[in-house]
């Protein structure tokens, strides 16, 4: 019985996994096609000769190194900053008593619902007034807060036994120390999860960096992808090669961080011997 | 602590903790939002010179009479009410599966996360390839099953469906990760007692996992609904910059985009943004209320 | 040799230039700007790509709102009235002499005027063409159609043989527009008269083709040339700008060429002119404006405009360049481009007016609905007429 | 440090007041045990002292200082929680070292102290484990070690020995006693186990029904309980009770007439019920005899009530003549107040 | 139902085997107490029986059925966890009703039974609360009620009384005993409290060092322990030990010569150390006397070891002559095996 259900679960997961994997596989395969044979699939979607040169072209066609460094800088700083501000806020909502707590929280949740497109231009005006156009500040500072992250973290923090907070207090930890020494390490999986989500969002951000910066110097990878489409058509293999270059670092990061995402499972007390 | 009441001092301290968040949201979300709200009431407004002709409901009246807006509203609601439940349910099933199987969980998790990692541009193209009429993967498979091919992307009757599929596909990984994080927070001991108490797998799920997961589920449902309300990128990429064949997949966000950036009808765009915001807010309230009710029904504290 | 004489860059006036060119076009443009910067010592032009054309529009809107516009930007002339309404565009008169402007090809020059002033300088221009698959044409014993009537017939024949007759781009509005012009009234105009039987007939041409599946819009491919290049399509109508990308994407063994668009019911031919212009913003200092003008003049130089045309497939801008030996040599090597030059004298751009983009958008919508057979030409035209009338009364 | 609770009132949300004008004093440097029925508010008092709960009224004094509004951190307290509250992400070593880390001790100093403490609670070989990998008793010992780490001025122990086996319990009890003696830290020990309390506490407080029933040495509580609650609470097996009205005359003569007149209940300690060597008018049926290690509990049935005696040697008889010691008898009035305790003379 | 553990081996990840070829049998319908030091694997054995842990080797039989590979659900077990494991999202009422809900009882029937059980564990007034709002002892009682709810075939209790005060403890102990008697359900009770075990258990198992040290009635364990571990474990206060080599001649004569020759350790129960009424060659210094309710523990110091006696009445003397009962003496060899237990004759 148990074997059967396990088998069924595997079957389900594998089917789903194929669906998830397929488009990605297509991306990689396309990126290795010569330009002229694209889109004549599916008959020969395994190219006879793999065009690794596509990747070389990608790197030549646009200043990808620069983009890459910018993306790296923007992503790390926004993620860290966002984590910082969100952790503080989530902590305050979880453990501190203050006037207007529920109201403020409700308000923040409401802000989660604001369509971003609507805010783009007013924000650009603000950025311009701050003289931040074409600076890293424009790419980073507005993203240092995320309501979604606050809500998620708050939710996770709430399910932690309160006695830990009390114990830490008695042990002489201030709120600040409790936050960093106890709350953060014990919630590593969820924190890693939201951080990863943020990394991806910020790595893939397109409109914002495009609007907020004017010169190549500050452009990020997704903006770089523009080089491969034009008004008249798209060079699919190159675009896909470039896309792979954009996505790959994220995947690697994700695989590396998975250890933390799964922490809850591996640390459970009855590991190994549980059925 | 256990029974502390808020005081001025504690409020000041909390505000210090909240300061980074509040400052940034005030400047970059609240302020522009107010701006948009104001703008939605301007009539004969010169966006660039900031000349306001009059103040009134004209923009909302415009929306009220605009068949395109109606279409966008219909499509968006359809998208939300189909894509959101499907995404959440699938994500939950997958997360439960991943949480259950002893081996390869990580491997699968990575794969399910792929769609979320993939940038929207690439996703659009890939799905374009899957859905296309000639040589599209989906149609090729359908043909094997003896079903005549469907022009998913150019048939106005099915284009929205295609968009829904893409949205579900793309939102899945993110929600799986969130669900997994939620599942991990449930102490294994509850599963053990429940098993001892004679609960079978399904009962364990409905009576223990589900109620304990409920807070996370609320979050996911609301977030997914909000995301689906704001679908734009996916449609833009999937339909090559159009809102589907003959506008058949026009979403509210797409409408807003067109009004703002293409038609230069800034005030109408702002008004549609306000409508969108109110709708999402309403839906969120409903969701929240529903789950509160359910939670109470399941016997939990509210 | 001249570089040594250049004064320190600090003394130069910086001229900022936003454009929406990508790929090869961008590379060519960058090279030309580099040349410009080396050619003189007063100005330094800094060009930056802002994504695609839609992105450039967004940036201009945002920058105009926040008063951080560049000196000049690439946009379409149809935006000029809107920009003028927003009070952030300046006429080129006074910075570019009439003589210089007169060097521009007359068809292209039409677009630069609005309310008696020159606002836009043609830049990346192309014209509608009919591409045909030479192999299929031969196989089906057909010749290049001269009228839409022929085209419809040929396409039907191709369809009968299991091919697609005519591939259209995502929207066929440009073709429809051209047909409408030939039927007597432009489609996108301030006060269009869409209810005439002529207009209905013009609309019906494409509608019937789509309905009988002898024509197909590219739908979500965006470009009909993707389908065309698969070799199972007889004709493709697109703009001359596509020639470049089509050449690189042509699979081995496929032969195609291009011809002028067919005429409609023997009416005077009118072809859709597409592409972008350069405009200058009033936030720029006089020095910058002069710099921008200098750049425009530089781009109009025969050498430069030819270089541009040859590298990108866009049209050379000046009459002189069009007639030059150099370009003729180029055409000899690129027979497909020959049709461009032949079509050019018949090009008739729409007249710009305040609210143009909205009007155009409405037309595109109707075109889309026609393409998906959601509406009939009669209904569609009536609907468009209603809508445009409403827009006009709104605007006033 | 002397600790005083002054007129403390506390009620949980939407509940009647659990503590109502509750006052008591923990003498400086003493180990005080807090005994009371489950749910009587023992943990609540500890939380009040720790600063985790704020009273609705009343003050808490540490020596002369009013600390009612002080934060836990400012109170320098060591506490063992009933559910241990160990940090799940830290090893046993780091759990114990945590308070020191917060006090910015150097790493070497921290681990030095951890080693000492681990030795004390016999956990030296478990230092590298995580809390989830420990047995219940081991977790409790970690919690004790952690509470002791920073040499607190007041030590609060919430049932610190409840999951331990007798041997370890006795040992740790001695350890706590020893540490308390050595450091002179005022200690409040909540326990449900009288023996713990009697063994090591300098004084015992009995809490019930939201009131402090009595405070005193173990012996005082045993021999002269203020009221029935205390008498029932202290002493194993529980005190035998019978209604005064039913008492046979032989028994009545034992007791002082004045008090007897007002009393409603007579309590008799189990060790005061003996087998009479001479024929006695008091007889009882011996319903069962249970051997509990060195004790033998005899269950007796008489016309005026059922008794348990621990002073009857194993026997096979089914009916036995009884004598009852005057010292083991207590008289209570209808309100439960103790009128007379026979054991007074024993002190 | 008779429960048999057969040659069970179990090791936690990266740890030496905790149980190594461990075998034992719980007789049908009996209440067996499992005693053992903290960390000896008591909870582990319960988890094995409950099916929450799978042994690396060996089988578990319920009557004749091999249930080693059975799922917990198929075993019909009631269990009280050491940490209670109450469902945080359910009220006390629904926590108790949970097993019945799983067994698809009607709502009315469920709540009917809950009312009975709540009455039994004295929680009727707390039924609407959530676990977080209960005191430790209250939580434990909820756990007991939940375990009893579905009339299990095997009842596993992991220290079900550890957080309760004496009075409630005795009461609940009686309740458990009573229920067990009435229903005849085989019960395994883990406890660290000997008195619980001695009071209600039909048999007591002593577990230490991964091995079953002895199984038998409380009296048997007390009077004839198989080895030193058991002797030390059972009995309060702990048995007095002294090396055989140092013994004074007067004591030696008490003991059988044959066994004395092989023995290395002598154990003397605290109640066997009396004050001699006649002058005695054995004298001891009385270092302290502690009154614990009805008991008086006297700490004695002699040249051959320190003793605790519970048979010396309160006195002010500082040195006392001693006699030692033969019945309270036990002899152990170097391996700790018991060679002779003086109390044999007492059975």
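Each chain carries a letter (A, B, C, D and E) given by its place in the written order, and its residues are counted from 1.
Here is the rule we go by: a contact is a pair of C-beta atoms (placed from the backbone, for glycine too) under 8 Å apart; a residue touches a chain by one contact, two chains touch by 3 or more.
These are the chains along with the protein names UniProt gives them: A = Carbohydrate ABC transporter permease; B = Sugar ABC transporter permease; D, E = ABC transporter ATP-binding protein.
Keep in mind the model is a prediction, meaning the values are calculated, not measured.
Q: Can you list every chain that touches chain A and also touches chain C?
A: B
Q: What's the farthest chain from chain D if centres are computed as the mean of the Cα atoms?
A: Comparing chain centres, C lies farthest from chain D.
Q: My parser should flag the chain pair with the most contacts; which pair should that be?
A: Per-pair contact counts point to A-B as the maximum.
Q: Considering only mean CA positions as chain centres, point out the chain farthest from chain E.
A: Looking at centroid distances, C is the chain farthest away.
Q: In angstrom, rounded to a whole number, how far apart do the mean CA points of chain C and chain D lie?
A: 93
Q: Using mean CA coordinates as chain centres, what's the chain A-chain B distance in Å?
A: Each chain reduced to its C-alpha mean, chain A and chain B end up 16 Å apart.
Q: Between chain B and chain D, what's the gap in Å when you average each chain's C-alpha atoms?
A: Roughly 58 Å, centre to centre.
Q: What residues in chain C touch two or more of the other chains?
A: 58, 61, 65, 222, 230, in rising order.
Q: So which bits of chain A are touching at least two other chains?
A: Residues 39-40, 121, 166, 169, 234, 268-270, 274 of chain A touch two or more partner chains.
Q: What residues in chain B touch two or more of the other chains?
A: Residues 1-2, 4, 192, 260 of chain B touch two or more partner chains.
Q: Can you check the complex and tell me which residues of chain A touch chain C?
A: Within the complex, chain A touches chain C at residues 35-40, 61, 120-121, 124-125, 127-129, 133, 210-211, 214-216, 223, 226-235.
Q: Hey, which residues of chain D end up touching chain B in the complex?
A: Touch residues, chain D against chain B: 12-13, 47, 51-54, 72.
Q: Considering the complex alone, what residue numbers of chain B touch chain D?
A: Residues in contact with chain D: 1-4.
Q: Can you name the residues of chain C that touch chain A in the complex?
A: For chain C paired with chain A, touching residues are 16, 18, 20-23, 25-26, 46, 48-53, 55, 58-59, 61-63, 65-68, 70, 222-223, 225-226, 230, 238-239, 241-242, 244-246, 248-252.
Q: Quick one: which bits of chain C touch chain B in the complex? Just the residue numbers, please.
A: Interface residues on chain C, with respect to chain B: 54, 57-58, 61, 64-65, 82, 85-88, 170-171, 217, 219-222, 230, 357-358, 361, 365, 368-369, 371-372, 374.
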